[in-house]
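The chains carry the letters A, B, C and D, assigned in the order they are written, with residues numbered from 1 in each.
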Amino acid sequence: MKNTFGSSVCITLFGESHGEMTGAVIDGLAPGITVDKAFIASQLSKRRPSGKTGTARREDDKFRIVSGVFEGKTTGTPLCIMIPNEKANSSDYALNSFIPRPGHADFTANKKYHGFEDYRGGGHFSGRLTAALTAAGAIAISALNEKGIEIGTHIARCAKINDRKFKDYNKDTEKLNSLDFAVLDERRAALMKEAIEKAGSEGDSVGGILETAVTGLPAGLGEPWFDSVESTLSHAMFSIPAVKGIEFGRAFDCVDLKGSEYNDAFTVKNGRVETVTNNNAGINGGITNGMPVLFRLAVKPTPSVFKEQDSVDMLSMENIKLSVKGRHDPAIIHRARVVVDSLTALVLCDILAQRYGTDWLGE
Amino acid sequence: MKNTFGSSVCITLFGESHGEMTGAVIDGLAPGITVDKAFIASQLSKRRPSGKTGTARREDDKFRIVSGVFEGKTTGTPLCIMIPNEKANSSDYALNSFIPRPGHADFTANKKYHGFEDYRGGGHFSGRLTAALTAAGAIAISALNEKGIEIGTHIARCAKINDRKFKDYNKDTEKLNSLDFAVLDERRAALMKEAIEKAGSEGDSVGGILETAVTGLPAGLGEPWFDSVESTLSHAMFSIPAVKGIEFGRAFDCVDLKGSEYNDAFTVKNGRVETVTNNNAGINGGITNGMPVLFRLAVKPTPSVFKEQDSVDMLSMENIKLSVKGRHDPAIIHRARVVVDSLTALVLCDILAQRYGTDWLGE
Amino acid sequence: MKNTFGSSVCITLFGESHGEMTGAVIDGLAPGITVDKAFIASQLSKRRPSGKTGTARREDDKFRIVSGVFEGKTTGTPLCIMIPNEKANSSDYALNSFIPRPGHADFTANKKYHGFEDYRGGGHFSGRLTAALTAAGAIAISALNEKGIEIGTHIARCAKINDRKFKDYNKDTEKLNSLDFAVLDERRAALMKEAIEKAGSEGDSVGGILETAVTGLPAGLGEPWFDSVESTLSHAMFSIPAVKGIEFGRAFDCVDLKGSEYNDAFTVKNGRVETVTNNNAGINGGITNGMPVLFRLAVKPTPSVFKEQDSVDMLSMENIKLSVKGRHDPAIIHRARVVVDSLTALVLCDILAQRYGTDWLGE
Amino acid sequence: MKNTFGSSVCITLFGESHGEMTGAVIDGLAPGITVDKAFIASQLSKRRPSGKTGTARREDDKFRIVSGVFEGKTTGTPLCIMIPNEKANSSDYALNSFIPRPGHADFTANKKYHGFEDYRGGGHFSGRLTAALTAAGAIAISALNEKGIEIGTHIARCAKINDRKFKDYNKDTEKLNSLDFAVLDERRAALMKEAIEKAGSEGDSVGGILETAVTGLPAGLGEPWFDSVESTLSHAMFSIPAVKGIEFGRAFDCVDLKGSEYNDAFTVKNGRVETVTNNNAGINGGITNGMPVLFRLAVKPTPSVFKEQDSVDMLSMENIKLSVKGRHDPAIIHRARVVVDSLTALVLCDILAQRYGTDWLGE
């Protein structure tokens, strides 16, 4: 299983940056989930580049759902979403397959596929495929929302600028999901955009940290060993290009705490068991405890930079200087957050369907 | 698939802390791998508690391989390793299933298994199961070493004390694998031990960061989207109790870099393509590039503390004060590192077998 | 995993009979396999209805490969094939979702999907989806042929008429693959066609037995228990609509033999070990022995008949008389055989890739 | 996944004929299923050889459940059952790995495992492993029975003698499950036993047909394409040694029927929809329709015969005469039927858990 992920609800990706289209097949969704095309379009618009913070390649993302939906609702059979590539322009970048761009997958694709890969614009490794993921995820998000499960992601840090922390998960999530540039503090949002534009104008790029909160999950989801909730979510998150780290809660910052400080005490609240703190980020022993699930992703700076870089010519095996041209993103973190929400939703649909059966999300 | 992980080489775990035994079945190992029982025993000894830094429960870990090995070599059919529990003592901790210990899986297990779980000593969630993982992993490590692939893990940080960084991966790995307490700088090792013992004497515990290096991996391993090397390794690592974060390279520290600083330039060295830096930690686009694969794990402080904690009585639904008794670890990070090495080895055997076929590791 | 099958090489199906299109994603094919569009088209033409033996719905099957092929060869990344539905005509059959047609999946789909299923023309259960399977399988067949592995299927029995038996597997296979109506004895082919047409003219339908031979497989493929070659092939074959039985060799006819009669003696021939007879159909203990793999499929008569049948109205829960209208096949066995070849090829690509690695078929 | 089968409920097998033990790990069973050791023992006794119809190797099958059961009920975590090999006697058969016994897996195991396989007594391919399957299946059968799902298998044919057909599924199933030699007609049971003993006394063996009925299954189970109920059951059944064919209903006998004869008309009975006939064996489009699921297995004659056979010496590559010695079964069909019931039960538990969630069977 390479481009398919999930067990009860699973997603398969296909397509290349400069091919005819990219797409996704989602299988195992419960029958009867309302498919809201306007919401899918609005989610895609959050992923779409805009202004000076994104690439000049501006696809319309005219998605088509060609199966699995009947009279506006999911049928329970595979749902295939396709998004045509209309603005591909092979003339400007990824000139060939034998001068790999640093930080990109050109070199490793060549090692894996022996030169048969479609190298144009990153081919199958391109961020273009996340459009299909986003469209698929929008349906999963709708289904979860119906069950009272909410997902929100903000840019916690970008270009050395921190957003404020989550205060009220539900209100903050609602706010984030209404924003194109998902930063809770508007002033800092402006500073981040400025920094991204500046990096872009210098032919450079920036990265940052995304932070996600999931509320409304029941306790008892996940598995004790290999399919812990952390295992499954991290597996999915590392399939997003540029993600190089994940922590549940503030794990790396918390390793200096004592056990007595880190442990989340239990308490009875409103007739149910909660924890007083949430250092374990809603997960104990791999299984949800009913508190918000929280995780942070380290997003590396976009590898596409216009500054001259050192590379090699794999045919002559000589060192060369490489100046990449084309249309690129000075940052992808603000576009990646909707991909994170989407993939999170797909993973949760899978976990819930395994736990409660295939119909649960549609009932 | 809950307690089984892997595709071509896969591992299944079973057992509980206070049951008769724990064990692992490894399936798909190439035929003809030499099984070195002394090496397995030495790996188990690295995981075993000792001195004042570990729990007073001291199992002998008398492992038995009951299938899959014939005349000293793997047969290619499932290899089952069992390790008896001889020192279980249910009288002293986990008194019942309805007063959950903070930070442990007692509460979530109850929510998932509705009170049918074996709650004694953490049951199936117990770190005891990592003994079987370690024994299984020892065979995988042997097989990889034969192919020139080396794995080494050190305690990069514990109780606020940092180890020195990796200098020479091969030499450092060799050194680490000879140590019971895997710290490169001996002086700092002593300080860490002291801090662990102090925490233990206070009825408290500490956590830290483990850092792993894998050398000798060929380029071209892994998959572009859902089975990226990061995805697969992180999936496995989050099955280790207490791991709450993973980063490839120093991801969270590097998000402030510019793309031009972060990208790893290519160069020709000794007739092959290498990268000058290794910020991407040996992985581009989810696929190995031939450089060392590096990752760091955030290990939370052991949840077992003797200080009084707040919990609830799930029968009466009242808040109570809980004082845990029993035999516990003031730290598990020094014991966890051999588990990390083992699971890393099992994942890599799987990835290699998928890429090169089922015989490759045994040839 | 519902509509995805395979481990190293896997296929995902999507689409409905009266939707916009059906399609398949094949993932894990080795890079560098030549994609011969003319061969794909010729395989599709074998599945396409024609003359009086097939339905009046005559789709052109204008397939499009939208990913995974670059410069005429597989890239190694997911290959998506789409086939538009151009001749769907919902007015004529499957009037509604609550009067199930006997023998079809209308009733069970309703029970599984609670009325959200696309019931038009059988929806996702329609034989239309085998067009995508056939196109995908054509690429797999090409790859296998390059390695000296040949697959051939004939109609061993139809409407009580038997074809002659296989004589020379390689010659017979070559002949079969040149035929649209795959019967070795031309005279009997004519009789079968006549019988199919007669059944059609009576508003009825016929079934039969397909027999498949695979030559050129190396010994040592498959797994001892759950992934025996028989297990994997049968799993795939039962996904073909109307298949209700499978036997390897002539199993049901051979149960009266004594062990001493049934066992296939070994002998040395041309410097390699062969068996004198092949009652075990090329498989011992689930694993190939290098002899031809042989299997037979029982194909039930097409459930679409125009004769009046007894059914129920699931809304009023009353018995009713049902006369199905529309465009239907009096037999699908002659069209199913290329689906059998295709799915066999996909399964074998998977088994070979697991055994020899992901590149083997493309080298 | 080689020796592991299932998705939500899965089973892993390990062990060899002459190793220390064989065993099974069942994962994903709902928590709270009562584990009845006496029932397990009685199921094992049905598999155990006895009288003159079975091998002289008579193991006591002293099974031990070493995990996954607490206070008499399943915990929901992996349940490991072990059965020691006490009566292995390597001196008498399978003298070496290079003179393969016809009909056995000796040759193919050698080709797959290159001589590293444990060849003694068939090693991992031995029917001994079905003891562990039987023990595991007994727990699954108990769980299904609690839900009103019953499984029964009879020897429909053996040594050219037919049993009577099923009349009343529930009564016949109850009767069969009380018998050691599962034949509905006692007179024919005696004839079959006689024929088996006669074959044994001649150093030969016989095969036959097993027929299984499952009643009480809800409609709507299974998947439309690759995970049809037929696909999943057949996958499992072909993992039983000696099974070479499967048909749902009397598929091979029914291919001569017309569609109008074969289709199962619907009718309303006792307020629910049933079919008048059951030629489709309870499955339409891969999905259960609520009628009994019926299948028949072709069981080849046991390959172990004492008559002289032709084989080869794989070292010298010369033809030789082989006389097998040892303790063998003149038939395994009467012992195999409880294995069929067991594996059927495990598959159904998996399908039900996927459909209704992980807790359903334990509630």
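What to note about this one:
Simple rule for what comes next: contacts are C-beta pairs under 8 Å (C-beta built on N, C-alpha and C of every residue); 3 or more make two chains touch, one makes a residue touch a chain.
Everything numeric in this text was worked out from a predicted model, so none of it was measured.
The most distant chain from chain C is B, comparing centres defined as mean Cα coordinates. To find the repeat of A-C among A-D, A-B or B-D, check which pair has over half of the same contact pairs by residue number; it is B-D. Looking at B-C alongside B-D, one finds more C-beta pairs in contact between the chains of B-D. The mean-CA centres of chain C and chain D are about 27 angstrom from one another, to the nearest whole unit. Centres computed as Cα averages put chain B at a distance of 45 Å from chain C.
With centres defined as mean CA coordinates, chain D is found 38 Å away from chain B. Residues of chain A in contact with two or more other chains: 1-4, 7, 13, 77, 112, 124, 224, 359. On the side of chain B, the complex with chain A involves touching residues 1-5, 7, 13, 100, 102-105, 107-109, 111-112, 124-125, 129, 157, 159-160, 199, 203-209, 219-228, 230-232, 234-236, 238-239, 241, 243-249, 251-252, 254-268, 271, 273, 275-276, 279-281, 283-290, 298-305, 307, 309-312, 314, 317-319. The touching residues of chain B, when paired with chain D in their complex, are 1-4, 7, 10, 12-16, 19-23, 25, 27-28, 31-32, 64, 66-68, 70, 73-80, 82, 112-114, 116-118, 123-124, 359, 362.
Across the complex, chain B meets chain C through its residues 7-8, 77, 224, 354-360.
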